[in-house]
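Just below sit the structures, each encoded as structure tokens.
In the two assemblies presented below, chain A is common to both, partnered first by chain B and then by chain C.
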Partner chain A sequence: MNQRSSNLLDEALGLDQASEPWPLKGRVVAIEDRVETSGSFILHHLLKRSLSRNSSNVSIFIAFAQPFSHYDRVLRKQILGWNLVSQRDNGRFFFFDMLKLQCPVGDEGITPGGGLIALYGKIHKTISALPEISQKNVSIIIDDLSLMEVAANGSSDHVLDFLHYCRTLTSEFDCSLITLNHEDIYSTEDGSTFLLQMAYLADILIKVEPLATGLAADVHGQLTVSNKGRNKASNFHFKVKENMVECFYPGRSRD
Partner chain B sequence: MAAAKTRSSSFSGNLSSAASSLGPGLKCGPNGTVLLSSGIPDLDKILGGGFPLGSLVMVMEDAEAPHHMLLLRNFMSQGLVHSQPLLYASPARDPRGFLGTLPSPAASKDDKSRGPEPDQEKGLRIAWQYKKYFGENQLNFDGQRDGKHKYSNEFNLRNPLERHFINGQRVDCFSIQDSPDLSILQDRCTTFLSQLPRNDGSISCAGRIAIQSFCAPQCVYSNMEWEMLSFIRSLKNMVQSSNSVAIITFPPSLLSPSFCKRWQHMADTLLSVKAIQDDDKELAQLLTGYQDMIGFLNVHKVARINTQVPVILEATTFSIKLQKRRYLILECLNQAPVDGSSGTSYGTSGSCSSSSKTGNLDF
Partner chain C sequence: MAKSICIALREGALEGELAPALTIKDSIASPFGLQVFDHVLSQLFSSILAGKSPSQGLILVSFSRSPSFYLELLKNKGINVASSDKRIHILDCYNDPLGWKDQIVEISSTVTVFREVKHMDKLFNSIIELGRGLVGGGKIRFSIAIDSVDEMLRRASVSSVARLLSNLRSHEQISSIFWLLHSDLHKARVTAVLEYLSSMVASLEPSHQLANGQRGDLENFALIKHNSKKGKFHVRFKKRNGRVHVMSEEVHMEQSGINFTPLTSEGAINQGLVPKVQFNLQLSEKERIDKANVVLPFEHQGDNGKPLQIYDGRRSLVDSKHERAVAVENVQTKEESESESESDMQRGEIIYYRDSDDEMPDSDEDPDDDLDI
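Presenting the complex of A and B:
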């Protein structure tokens, strides 16, 4: 289980060393993608790394985009012999299905009864209920933030508040927070605040973009990883496969 | 997911539970999905078989030409031919009238020829841009099995669909023009989809939802941006957990750029149609068969359900043609032979998915 090939993405994130503690502990990772290049494969990759790392790692997955069955099928192909159902049953994987969450108009997540405040409460409660050793090794993954905005009827302020609250968890419990958002939605002048705030909040920023020359069968796009903690930025190409993502420098086909 | 507990192995491979028995007009797709036909055999082939059940298809219209109606007509007719329930919503006052314009399936002994058989090519290798002149320009594919229920039909746009396909079917038409908000449409969709729940096992029947020109300005709700987005999100969620496919067409120019991108992200399959200017001399020189083309179809995104691997097509732009003025076909773009005397060569081939310099064919 410890013998897995790390790749350029793992290197950029600091995941290539199999050392304790989990390098993403207490960090915020923001992934930005576009219509042409979806970044959800990075969420799958990080989830795979987190679950296969050591037995006390716990992941809390907040899903706005796809149902459980989709992630289950995708992850089955990634980790042979594992599946999300058994992880869920063992208390290592918590799936919060937010597909139907819709704050009533006018509510916008403020009232404690529903909405984002309740979601935060649920996350906090779940982490607090974990055994001591797992409490220190939690990853919160959100897929994706633009749909959270839709659920909150467009009030990005409340979504940002929610994220700030989640950030407190990274200091209180040392969890890692991994979010996915769509960069091309916010590229107009007045719309970019949300994205900039998220970029400011993040310790690691991963951009998933198409190549300047368009889409290709061999190279699905390029990743740009800015790791503030390690003061390092890397850029490389990737190709997504069923069970992994291949990363390589431009001009080479393999790492 | 109660059945999942008994599965301890992760070697899912082909989960055969979904293939137990499928109703008419359905077939198995990759990664455990079930597909239904778009009504345009060429489009099915491009998309890898059809639209997966549980997916949301969005079509970006071009205000200058009603080509999205061609896609909708074929989609709806295909569903009716297979006795699949249909919900159709449009901004027109009387959406039911649109049903009269639906095409009927082409006669099985059809008079259209799809070009010579592929094995004629064996002895002769023709440079691809010249294939057009030898008539081997169609996207050839295996003939569908003949039978009462073909998976996908060619539709004859000149002949209207026989009444018996429409009457006595679960066809629900709804006008969205006067709705002050989207709650009524939402309820209609909920009711419609509640008849088509998804559970493990056989799928006897799949349904289709077609919503035309969703943000058209004559609709009262059309300036309620977040409400429209919420509706699309909830429709997508409902469709994901039912045996149905929903197609929404919309004019992107009527949305703010940011919302247009949000809508594009919502789609599982994203297409756009574009009009062709009459007598565009430059295009006529660049492409073969330009005179027969009525528009372009662009495939921006193909649904990836149960997988993380994106679908990269060899070509994403296709020309829309009406063969014999009745059958809708999609063709790869073929570059015209370069005229040596002109001195310039058209370096940008029409069938590339994109290029770094902008040109006529970039959308």
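Presenting the complex of A and C:
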């Protein structure tokens, strides 16, 4: 049930074929959400898929939005008998808690750029230290970019530079880069270029939006997935449930 | 069109002239710029290898993609880079543009890493140095391809980027140069600056404009899907004599690569310089005949004795009304002749020579050129 209902999203991302190597390898996935429709469920979904798929898959999670306990709780609900603590202890899950400022960004005389340089260095070191087989199966997840920008004292340039370097990691190690950003906070002339830069950078762009017709009880919103690599675009509705997300084409909700 | 721009870049600069420069411009609605860039790059490099161009080498400045991508791309196009590494060199501004990395793994001998992209002067020197290293000094020419100037514009001022491009264009050893620009990442004036620096501008536009304010509309989504595979390709050439030539094609993204086809029913006509407004500026056949039949005020003076009929816009020219008009005129002329006979019989005459009959409204010559204020 769990597997089946999320299939539309998996299909759009190319994750439905279990036999292939992690299809997001070397790709940049950008998720854009809004206040009415939060996109963090996609991050949880991708994290879940990455960690449950292959024992050599490793995820590096850079968290600006929530502490470790939050993600642990969410994933525990989604997959029974599973927890992030053991994944972390097994060296399959690396959590960079930016809330506790493990990498000081923008304070104590360290420049905002300097903090991000240090963060990049740390990620590079972590991946390099992995066993060879895992090096090829890394997912870097960032939650979320707008808070990273805040941590960098509003300098979107530094954030873009950091993302560029993360992208070089996708070329060097074939890892995947998954980012979350909020679309509706960039409504001004100047701010919208950041979103466009991400749109150009991304191989797969996922937009999480409310329905054009407004709020509904059965449908929480719609997803538009543009997959440049497969030259495919998909659009479908979703409903976030207690421990999973249901995706369906318009009019085909099970409830 | 795509072929013409490749030919223009291949032919390169004439002695004493600025090198031809191409801007490939796209936007997020029609993001095929990189594919067009790849196409032009492989075409130009093939020509260089085949000896069809006065240019003896190609320097590729890569910002947006890894150099290994380009080496792979050329290999897939059947171009053996290993044997041609004396003809191409890649200046790697992708892997470590700001010097954040402690050590760089060398990819190949055809790639040089550049770590100071904020400094346009150093970038200029590196490009020229690499070029000379590739083809030698003196008057031997080479071509340049810049992956995207967006990264340059993000890290340096518009004026320094413009200076770099302008200096490259005017360098005696540069045969031709082309670059990619994402127009929606910059203000309009920045795009305009780069367009002024180019002799050719190739812009990509979506086949169907998306309606604004229709978020999440299924129709809009269908258009997005359509636009992700197809688009319009407009090329604007600035000729040596100052003329501007605009041509359009359709561009298709396929598995095998990019494909250019002539425009379909939506208009295969050469896009003239008539502005696109909501009213019709062209004349239909009937309108053309009627225009030719209009009696202009000073052209028909009337012969001696015949009454003067000056069309002042109020009276109709139709014959049935002619008599009434003539009657009115007669009164007037009577009055006139009465006053005339009293005067010295000196009538003012208006001699009017109309400009050439067959002068089309959109002539290339600007009539204001004759003004001498």
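One rule holds for everything that comes next: the second predicted complex is superposed on the first by the 232 of 255 C-alpha atoms of A that agree within 3 Å, B and C clash if a C-alpha of one lies under 4 Å from a C-alpha of the other, contacts with A are read in each partner's own complex, and residues count from 1 in each chain.
The criterion applied here is as follows: contacts are C-beta pairs under 8 Å (C-beta built on N, C-alpha and C of every residue); 3 or more make two chains touch, one makes a residue touch a chain.
Predicted model only: the values in this text are computed from it and were never measured.
Superposition of the two structures on chain A shows chain C fitting alongside chain B with no clash.
In the superposition on chain A, contact of A:233 is made with chain C only, not with chain B. Residue contacts after overlaying the shared chain place A:157 against chain C, while chain B stays out of touching range. In the superposed model, A:252 makes contact with neither chain B nor chain C.
With both structures placed on the common chain, the touch criterion links A:74 to chain B but leaves chain C unconnected. When the shared chain is aligned, chain B and chain C each come close enough to touch A:212. With both structures placed on the common chain, the touch criterion links A:146 to chain B but leaves chain C unconnected.
Ranked by how many residues of chain A each touches, chain B and chain C are led by B. Once the two complexes are laid on top of each other via chain A, the angle at chain A between chain B and chain C, using C-alpha centres, comes to 110°, given in steps of 10. Taking every C-alpha of chain B against every C-alpha of chain C after the fit on chain A, the minimum distance is 11 Å. In the three-chain superposition model, chain A touches both chain B and chain C at residues 212. Those residues of chain A that touch chain C in the shared complex are 117, 120-121, 124, 157, 160-161, 164-165, 168, 171-172, 193, 196-197, 199-200, 209-212, 222, 224, 226, 228, 231, 233, 235, 250. Every residue of chain B that touches chain A in the complex is listed here, in rising order: 1, 4-5, 7-8, 10, 12, 31-32, 225-227, 229-230, 233-234, 237, 240-241, 256-258, 261-262, 264-265, 270, 300-301, 304-310, 312, 314, 316, 352-356. Across the complex, chain A meets chain B through its residues 35-38, 40-41, 44, 66-70, 72-74, 76-77, 79-83, 85-86, 89, 99-100, 102, 105, 146-147, 150-151, 153-154, 182, 184-188, 191, 212-217, 220, 240-242.
If you check the complex, the residues on chain C that touch chain A are 28, 31, 66, 68-69, 94-98, 100-102, 105, 154-155, 182, 184-186, 214-218, 221, 224-225, 228-229, 253.
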